[in-house]
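In what comes next, chain A is part of two complexes: it sits with chain B in the first one and with chain C in the second one.
After this line comes the complex of A and B, so read on.
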């Protein structure tokens, strides 16, 4: 089956982000296809490369980056939600006149249309949120 | 992208306590450009999103409720309010925004977008959908 995944909550604060990761990983291991993982609301915070969680805890962002690289996942961060919360890639940082960017490897910033397309193209859109 | 799917946006939260209502509306407006079969449902505290006379002056937040009145222009004309949620909060249809759309299949007659439905009816509506986005 072809799945799209929507992650609506931030890392560490909420179980949704962990469950989304576990579901995505399990689906891939079972041979399913992941059309796209879309990060919205506080879910965009999963994509910051500047988080430094304690060493004896999971690193949620790094975990997504690794899974993304391994399976060539399309991991999209909503631009409107990201701008509100201070998530910027290099291009956006330049465009907005900011002195830094913080998007982790494997994530890309794009519009909400990518979420609608994810719903249209996949057999199932699975939402992880509150 | 010629596939047409049935999209339902389920709004469950009060308008200003969290960002879900505002960001849900942003998805609906962007999604409208994709010419899908769109419906909105308002349940639980989500029914407060459509109350009229919202005034956010004193809480320093933007009142985004006027945007709901524009949904008809975006061909979003199926808006379902759960009857039980309205009643539990002492609200009636009179407390809600008067949302209209022009029916192009009926000589552009102006019609009500809001339909009050029971919990059971809403369950059937949800069952018919291809994509349910819950906020």
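After this line comes the complex of A and C, so read on.
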């Protein structure tokens, strides 16, 4: 089956980002296809590469990046939600005149149309949020 | 159109579970995850309401989230099925869609 995953909660908030990760991992291990993982609202904070969680804690962003690399996942961050929260890739940093970018490997910034398409193309859109 | 409903908040924090039980159609399923697992415990203020809904709706609870909170499986209301993340994925295939009550 083809899935799209929507993550609306930031990392280390409650548990939504962790549940989304565990669900995505289980679905992939069962042989399902993940069409896209879309990060929206505070969920965009899952994509910052500047977070440094304690070493004995899980690194949520790195975990997503690794799963994404392993399975060639399309991990999309909502541009409007990202701009509000200070999450930029190289192009956006340049466009907005900022001196740095902070997006982690495997994530890309794009628009809400990507969420609509994810809902249309997938058999199931599964939401994890706050 | 039998749906899988997920509830991830404690029934003692928000009314998501009660709203879900009020609106879930006959033949659908409810999966309690994260803090939602407290709704699966027996002897609470909401357990009678959950038991009543069992005639129309199937109930599941995510085992890893029960264990993560130190809750005992023998406290879970009879009739609940305990699933892991693989079981969660399977449920999303068995029902026509997933609705998350946040």
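Here, the second predicted complex is superposed on the first by the 130 of 130 C-alpha atoms of A that agree within 3 Å, B and C clash if a C-alpha of one lies under 4 Å from a C-alpha of the other, contacts with A are read in each partner's own complex, and residues count from 1 in each chain.
We adopt the following convention: a residue touches a chain if its C-beta (ideal position, glycine included) is under 8 Å from a C-beta of that chain, and two chains touch if they have at least 3 such contacts.
None of these values were measured; they are calculated from a predicted model.
Enquirer: With both complexes overlaid on chain A, does A:111 touch chain B (first), chain C (second), both or neither?
Expert: After superposition on chain A, A:111 lies in contact with chain B alone.
Enquirer: In the superposed arrangement, which partner chain does A:60 touch: chain B (first), chain C (second), both, or neither?
Expert: Neither chain B nor chain C is touched by A:60.
Enquirer: Answer with first, second, both or neither: which of chain B and chain C does A:80 touch in the superposed model?
Expert: first
Enquirer: Once the structures are superposed on A, label A:103 by its partner contacts, choosing first (chain B), second (chain C), both or neither.
Expert: Neither partner.
Enquirer: After superposition on the shared chain, which partner residues are touched by A:37: those of chain B (first), chain C (second), both, or neither?
Expert: The answer is neither, since A:37 touches no partner chain.
Enquirer: For A:23, using the defined touch cut-off, is the partner it touches chain B, chain C, both, or neither? Pick first, second, both or neither.
Expert: A:23 sits against chain C, while chain B stays out of touch.
Enquirer: If we overlay the two complexes on their shared chain A, which of chain B and chain C does A:125 touch? Say first, second, both or neither.
Expert: Both partners, chain B and chain C.
Enquirer: Of the partners chain B and chain C, which touch A:1 in the superposed model: first, second, both, neither?
Expert: In the superposed model, A:1 contacts chain C only, not chain B.
Enquirer: Which chain A residues lie in the overlap of the chain B contact set and the chain C contact set?
Expert: Comparing the two interfaces on chain A, one with chain B and one with chain C, the shared residues are 8, 125, 127, 129-130.
Enquirer: Under the stated contact criterion, what part of chain B meets chain A in this complex?
Expert: So the residues of chain B in touch with chain A come to 1, 3, 5, 7, 19-20, 23, 26-27, 30-31, 33-34, 36, 130-135.
Enquirer: Touching residues of chain A toward chain C in the complex: what are they?
Expert: These residues of chain A touch chain C: 1, 3, 8, 14-16, 19, 22-23, 25-27, 29-30, 32, 124-130.
Enquirer: Touching residues of chain A toward chain B in the complex: what are they?
Expert: 6, 8, 40-41, 80-81, 111-113, 115-117, 119-121, 125, 127, 129-130
Enquirer: Under the stated contact criterion, what part of chain C meets chain A in this complex?
Expert: Where chain C meets chain A, its residues are 8, 33-35, 64-65, 84-86, 88-90, 92-93, 97-98, 100, 102.
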